[in-house]
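As written, the chain order gives the labels A, B and C, with residue 1 at the start of each chain.
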């Protein structure tokens, strides 16, 4: 109950971490033409959801990753007849991952993570400050 | 400034007045002690709540603790002073 | 008896408000990337009204559990910064958080000072 504020910041940090992890996963699989189902890798995106926490007197909004969706957009096509995954026309289907977009997204997620971390530390300082009231 | 009549400060009347005052003071003191005691009990409860992790507002709890501490100090100081003056009176040579 | 703590009670309430507000603003920062999220805020009047209401019902109650919740004030002045309909402006929220934090620390310092004064007056040293 006392640490509700810290919980909020942590929920934000966790959500952003998932986003960073997914960006990293997308970047790592930028050339994966095969997954378990035989299809090329599809870009994964997290869906965030705001949750109203009414446990304490002042309700607060937390955040959580509701689900991880796959980007349904088309695969990239590349002409590479020598590739074992190429079709009869010589085209290889590559994942629908845009490395530039992923990098930008990752930077944005890191900044958001840092913002939540700053909020966490600010709140922690405030809590510690209240302990000073009873310091002799 | 109003000059008061001498009869107003007759010894008999003064005695009555002072007696009433003594009663008033003792009841004030009693109420004060009761208040401080309640505050201290409240603080005990707050401390228990903190230990159980049920406190919502940390600084409010700290404030209550410190408030009770100050009240308690005030009470002890008054007690010391009262005792001192009592002993002073007892030492007085008749 | 309670008179010597009258001013301190108000400062304490103000400190409570800034603590609660910082929690709410943290929620805004955490939801800076949530689609369709609109930032919220609370006002001092709400906290004050909430606490005084509790006080009149039961004066001796410690840490009162009130069912009256603080209502949010939706901030409508924000603009949509992205395609996800999110209206949080992180810079503004960080500024508000810093403001709350500084005001909170100031309130605590004032409380400390006032209490030190009272202690000094009582002990005389």
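Worth a mention:
One rule holds in what follows: a contact is a pair of C-beta atoms (placed from the backbone, for glycine too) under 8 Å apart; a residue touches a chain by one contact, two chains touch by 3 or more.
Computed from a predicted model, the values in this text were never measured in an experiment.
When every chain is reduced to the mean of its C-alpha atoms, the one closest to the centre of the whole protein set is C.
If you compare A-B with A-C, the chain pair joined by more contacting C-beta pairs is A-C.
With centres defined as mean CA coordinates, subunit C is found 31 Å away from subunit A. A straight line joining the Cα centres of subunit A and subunit B is 61 Å long.
Subunit C has residues 15, 19, 108, 111, 115 in contact with two or more other chains. Residues of subunit A found to touch two or more other chains are 4, 57, 129-130, 133. Across the assembly, subunit B contributes 54-57, 59, 63, 66 as residues in contact with two or more other chains. Residue ranges of subunit C in contact with subunit B, taken from their complex: 1, 4-5, 8, 12, 15-16, 19, 60, 62-63, 108, 111, 115, 118-119, 122-123. On the subunit A side of its complex with subunit C, the touching residues are 4-5, 8-9, 11-12, 15-16, 19, 47-50, 54, 57-63, 108-109, 112, 115-116, 118-120, 122-123, 125-126, 129-130, 132-133.
On the side of subunit B, the complex with subunit A involves touching residues 53-59, 62-63, 65-66, 69. Considering their complex, residues 31-32, 35, 38, 42, 45-46, 49, 54-57, 59-61, 63-64, 66-67, 70-71, 73-74, 77 of subunit B touch subunit C. Contact residues of subunit A toward subunit B in the complex are 1-2, 4, 56-57, 127, 129-131, 133-134.
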